[in-house]
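In this document, chain identifiers A, B, C, D, E and F correspond to the written order of the chains, with residue numbering beginning at 1 in each.
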Amino acid sequence: MLTEKLIADVVGAALREDAPNGDVTSLHLIPASARATAVLAAREPGVFSGSAVFIAAFKLTESSVLVEMHIHDGEPFVAGQKLATITGPARAVLTAERIGLNFTQRMCGIATLTAQYVAEVQGTKANILDTRKTTPNLRAFERQAVLDGGGRNHRFSLSDMVMAKDNHLAVLTAGGKDLTTELRRVKSELPAGVKLEVEVDRIDQIAPVLAADVDIIMLDNFALEDLSKGVQQIAGRCIVEASGGVNLQTVGKIAKTGVDVISVGALTHSARALDLGLDITIEQP
Amino acid sequence: MLTEKLIADVVGAALREDAPNGDVTSLHLIPASARATAVLAAREPGVFSGSAVFIAAFKLTESSVLVEMHIHDGEPFVAGQKLATITGPARAVLTAERIGLNFTQRMCGIATLTAQYVAEVQGTKANILDTRKTTPNLRAFERQAVLDGGGRNHRFSLSDMVMAKDNHLAVLTAGGKDLTTELRRVKSELPAGVKLEVEVDRIDQIAPVLAADVDIIMLDNFALEDLSKGVQQIAGRCIVEASGGVNLQTVGKIAKTGVDVISVGALTHSARALDLGLDITIEQP
Amino acid sequence: MLTEKLIADVVGAALREDAPNGDVTSLHLIPASARATAVLAAREPGVFSGSAVFIAAFKLTESSVLVEMHIHDGEPFVAGQKLATITGPARAVLTAERIGLNFTQRMCGIATLTAQYVAEVQGTKANILDTRKTTPNLRAFERQAVLDGGGRNHRFSLSDMVMAKDNHLAVLTAGGKDLTTELRRVKSELPAGVKLEVEVDRIDQIAPVLAADVDIIMLDNFALEDLSKGVQQIAGRCIVEASGGVNLQTVGKIAKTGVDVISVGALTHSARALDLGLDITIEQP
Amino acid sequence: MLTEKLIADVVGAALREDAPNGDVTSLHLIPASARATAVLAAREPGVFSGSAVFIAAFKLTESSVLVEMHIHDGEPFVAGQKLATITGPARAVLTAERIGLNFTQRMCGIATLTAQYVAEVQGTKANILDTRKTTPNLRAFERQAVLDGGGRNHRFSLSDMVMAKDNHLAVLTAGGKDLTTELRRVKSELPAGVKLEVEVDRIDQIAPVLAADVDIIMLDNFALEDLSKGVQQIAGRCIVEASGGVNLQTVGKIAKTGVDVISVGALTHSARALDLGLDITIEQP
Amino acid sequence: MLTEKLIADVVGAALREDAPNGDVTSLHLIPASARATAVLAAREPGVFSGSAVFIAAFKLTESSVLVEMHIHDGEPFVAGQKLATITGPARAVLTAERIGLNFTQRMCGIATLTAQYVAEVQGTKANILDTRKTTPNLRAFERQAVLDGGGRNHRFSLSDMVMAKDNHLAVLTAGGKDLTTELRRVKSELPAGVKLEVEVDRIDQIAPVLAADVDIIMLDNFALEDLSKGVQQIAGRCIVEASGGVNLQTVGKIAKTGVDVISVGALTHSARALDLGLDITIEQP
Amino acid sequence: MLTEKLIADVVGAALREDAPNGDVTSLHLIPASARATAVLAAREPGVFSGSAVFIAAFKLTESSVLVEMHIHDGEPFVAGQKLATITGPARAVLTAERIGLNFTQRMCGIATLTAQYVAEVQGTKANILDTRKTTPNLRAFERQAVLDGGGRNHRFSLSDMVMAKDNHLAVLTAGGKDLTTELRRVKSELPAGVKLEVEVDRIDQIAPVLAADVDIIMLDNFALEDLSKGVQQIAGRCIVEASGGVNLQTVGKIAKTGVDVISVGALTHSARALDLGLDITIEQP
């Protein structure tokens, strides 16, 4: 969850990165008394995300700046649409402009891409999930954008949930140990709030994992027909996650196999910043 | 400059973001005594950047991990090339894997894209420059990647240099004030280490700006033939920067007009993360 | 998980709280060259916990101090047993003494109390779990002590897992909404890594909750015979947690009803600091 | 002193420890518009402490929450008494509940225990003092609770005051040096604001220490009659502190020997958290 | 630039340095309800600087304190002049007094000394500049005081501008390399916002440096007649800075040689704190 | 006390203030492989202070730099004396030079001035003490320099000791209350480690203060003969501090009146930075 404290910390740090000793241009060229009105406008269509972050960029620069949003997070917009109006001291508006845009363009880009994936799976029960392939130190922002685009979040971090992959399974069964037994032991030792997910690469791996009563099975890079077989075999006894080879062309077909969730690294990894701009008018006293 | 302190702070924060209370999977599935060998391999060609950051991801997780780089920053690599070998406690290697990749894929992506722009301007005197359109709180990392790709850095922040754009010029000349006089006044009031750059949108704006003896003139969104005229008019009396409408198709022609530097937002704004992977082998004692 | 970073941060803060401007007594009464040998001794029997924390208190005061542990975390000890030997500059040993003890006595107290609860449920399948009733900013330390005493951890924080209590259920079913339907909806909206636990106060609440396929049902303050009935009704379809009215007299009987886990606030809330002491010998050069 | 800054830092850290990424339960089960009224009620009698801390837990979660206290710090209360009323957004009230209670129960527990000790020494001139046996990083909170219970504070930290114990005295007199002379030398070298206290274990140690004109002499683990003798010998020439073997049974007799102050580790070390609860009512819009 | 954030951070840290656990004197001797009126008065003439910092010292101690300034930064004052009036809770006013004065006396001292240098160069085109010889961690405060005294700022830090001194030039020309060529190469590799200044010790060094088209040439420790020759030789092709041997006796003559800027370490290095005092009246309720 | 942690924090912050993004001059003009030898030399005589801080400036810039001190803190030196030798990577030595000097020149200046005061009182029992008139956030550094110059420290902060001045006394005796009684009450309420000092302006104020058994009486701005009378009246029953009008001309006479300690704001407030320099030789590989 994107808490107020986190927004203040991260946006504050970004503002200081961009103006550690103030904005020399505003300071020397714009009178302290000049005021600005700025309009955030969409240069292309998309889904909005990041209003709290956009507002914070201006408010943290100068608390007297007013930001009026004309759209809510999660709503679609068209090219040319006015998304927000900012009014306040011209120096502050000019100083905060780039950081406000840098965050919002990124978040809108992710929300827009997520919405495209979600549209492709409409009519199925599948949910679109993010991954840990996020920008360092911006994970909470990018996960919020995924939610705003209609997606759902996967685990937040390595501390939340166990995900056993091929390397882990190899270690677990070294020396001929029985996979089901070992997974059951692990499950009994985990903190009570921690789910156990296991990634399998082949259909024949499903049975022993399912027998261990795990919470989620991830079918990794399965062909479509194998996905269908996997879903049938698991038969609702745990959550089925599809992963690997997911793109806007394939996601609809994957969803139709009946999987519960589809995780898509591209949501955060490959989203393009959306083209938004600020039209600024300055009035001198 | 990407200092050791900054790398430690930012990579450390990213590691804590990804495992605030440790990696439950490694902790419960991998014995403390197991060791891993991992190879960083390129899945596509590119230019390398970020070795100090990649190393830090592992070292900050567990100082006994060894990372041997097989490539230097700034060197090109081919698909399939082995870029580094990591050896150490398996738990630590698995925990640090994703964060090491997240940073390095991003930096290699930027270096690779920069190198493509640089290749297009070869044979001209033009330098390729980055902009302030960087990922929040990762600017120093992304600027280093631009250097590794053969580019050069623009101003670091709003505190370093004055860049007067259309809004600023309108304020400066309000009430019929003379632009040259005003720019000269500003110049005399700036800290001695601060350069003065002015952005112009039309050829006829060049003369009064040039007369003020500014350090850099940016010709924004000029047609190619206007760029040439501008370069001739300025005639080496200050640095000429081209900006706007720059892409891999246009950059070569822009360079041939004789401008000194070309700033490209896309270097950091639109670079795609390069596809790198880690092949891990775990040995149990 | 109690990471090295967290230990360094919290123990470092505690050392600064106790000597923000150094230890005036050591500084003015003990020569810089004097050396000390100190033995950590048990004044009463217990289960050990906190060796990494104890070591850190001395090492962070002065890195040249050596601490040799004679016991591992999780092992029992008798009154009078020597648990560790510390050697190093006398000033540092004296300065760190109280903070080392404050942490270790607290952690051993929790481990020892946990071990008593665990002993009472031996022979049943029930696990003993901690709660969120921990000392502010010491939760990870106290959870580790519970593990060392043979217990298991519950959720780490409000961010990890949903626990729906009476207030939440009232909100969910306001206006006559169906509890099962509502819980199913919530479940489908949660991040994939987040478990759903529901607390019930009466037997008749179990059926609609169980029908929603939740991860854990907590039977709160149930009489022993109702616990047995609840376990039979749930019949392994989800984890059963008992809570409320748990003490060393009742816990064995509760375990015998067949519940999976028993959460005990007293483990961290009411554990008494164990009586440990440091016997110090100082040698002057 | 418990400053506002310290309360904000420590309570803020505790709230983040308990909900680093927000409270998933409130977020998914409670509408953002729902409001709550909560009453803090005593489940057993005691002395109140920690109102500023209790208020901060809610205010730092959400500044619009209102907390009205019905009791002042230092006042006694009976079982069932209403101590405070909280009104505000239901999500915030539920999120802050546990942390508010964790701090307040601990502080009330210490104030209540301190008041019991103070009651036992009524009619004598003795003051009850705390020690450095406090919870790591909560010392200022626990010292405030001692004040609220009618006690007085000892030194805050190792930086404030010299306390020379047996080990220090042994070092000081090594090689046959004269104790009085050495203590006088130490005294002349200390910062002017730093008091000198010396701990003695036997009556015959008093004379040479007293001759050095120290500020406080601690009579450690003295039998009652020896305490009386010590008090007579010192005869008001410095403060007399009793320590060791102090409990609710012995403290009154110790006070009657005429000592000035009695330090009691148990105030902070062994105080039980008082049983307080929050009765919450949620209204949906 | 002295940002609000920096003032809050640095003044806040100074307040905590001076009262880490509160002001025991105010707490024990002044009733919480007592109010104070204090007047900041000049005990000697000077130029004012630091009003935002002075205000912050009181506001950060207690936000209800009111500070009314009777003078603006940069204005001169006479001995005995009332500079500000402070009203608020007496405890807070007394606690903040020393820190408010420590900062303001220092800043006024620097502004006053700077104004003396500026007066000496009146009628010439020379600007008076500060250096990096500032108090650790107070550079932005001291630079602001230089501005308030009528001076101008040099580079903020080592990250802003290249300044090549004798050691650097020796390295650059090692092995007989050509200085002009090397300086041109360096210039082409610098970030676009970074100026290049070169320090020369003798007149004959000017020619090759000037040929490299650098931004600033510093004539270090030049005799007056050599300064004049240097200015003539450079003839406006770059900025000329004089440095070394500058004091209130010499600065006027140096300015008359026609140099553009004169850097003076003494502005921050040797400025004496100005004598200001606070006259406090306390009213009890 | 100047702890290692504090040195690392404050010197580290100063290094970042001076090179937030690295030293562009070293980076672009000095090869990474070049090595430097630098000698710290005295340009005037003095008393040394700050070796740990000087070393830290280089070590924190680059841990491989070696600093060999040729003098200990507290020792006198003559003009021209070599005080330390630094060897290491040339970039790091050049980057750290100014910060190393800024701290050391300041500390040596204070130690040297203190030593002059101490020399003036030789043969009397008086100690020279510092005050709270220190540079913001450098108090521990400046107090250490006072110790190195042979002085003694006063209270560290407002939290350590009560100092009741005229304003406080007026509040205490408002409504005709008896001063002695009120001071005794305050004394009984203070934490046991906190001393009580009272400042008096006239001889007749001494008696009621002395009767309250306070720890220190400060005779503020007393004429020499009144100081003598005060000392006689107090007759060793508490510490006598002289303050006000103290300079190198008067301090000897003040000491001869028999006061115990003399506090001198000028030690930290008016000490001039001592002239030290670094002679650097760079070798290229």
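Structural remarks
As a convention for this text, a residue touches a chain if its C-beta (ideal position, glycine included) is under 8 Å from a C-beta of that chain, and two chains touch if they have at least 3 such contacts.
Keep in mind that what you see is a predicted model, and the values were worked out from it rather than measured.
Shared contact partners of subunit B and subunit F, listed by label: C, E. The chain pair with more C-beta contacts between its two chains, of A-D and D-F, is D-F. Comparing the contact residues of subunit A and subunit B by number shows a mostly shared set, over half of all numbers used being common to the two copies.
Taking each chain's centre as the mean of its C-alpha atoms, the one that lies farthest from the centre of subunit F is A. One inter-chain figure worth recording: subunit B and subunit C are separated by 46 Å, centre to centre, where each centre is the mean of the chain's CA atoms. Centres computed as Cα averages put subunit A at a distance of 33 Å from subunit C. A separation of 54 Å divides the Cα centre of subunit B from that of subunit D. Looking at subunit C, one finds that residues 1, 20-24, 156, 159-161, 189, 191, 194 touch two or more other chains.
Contacts between chains form some other arrangement here, matching none of path, ring, star or all-to-all.
Touching chain pairs in this entry, ordered by label, are A-B, A-C, A-D, A-E, B-C, B-E, B-F, C-D, C-F, D-E, D-F, E-F.
Within the complex formed with subunit E, the subunit D residues making contact are 1-3, 5, 140, 156. Across the complex, subunit E meets subunit D through its residues 12, 16, 21-22, 24, 27.
Residues of subunit B touching subunit A in their complex: 10-11, 13-14, 17-26, 28-31, 34, 90, 94-95, 98-99, 102-103, 106, 132-139, 157-164, 167-168, 170-172, 174, 186, 189-191, 194, 269-270, 272-273, 280, 282, 284.
On the side of subunit E, the complex with subunit B involves touching residues 1, 127, 129, 152-156, 159-161, 188-189, 191-195, 197, 215-216, 239, 241, 261.
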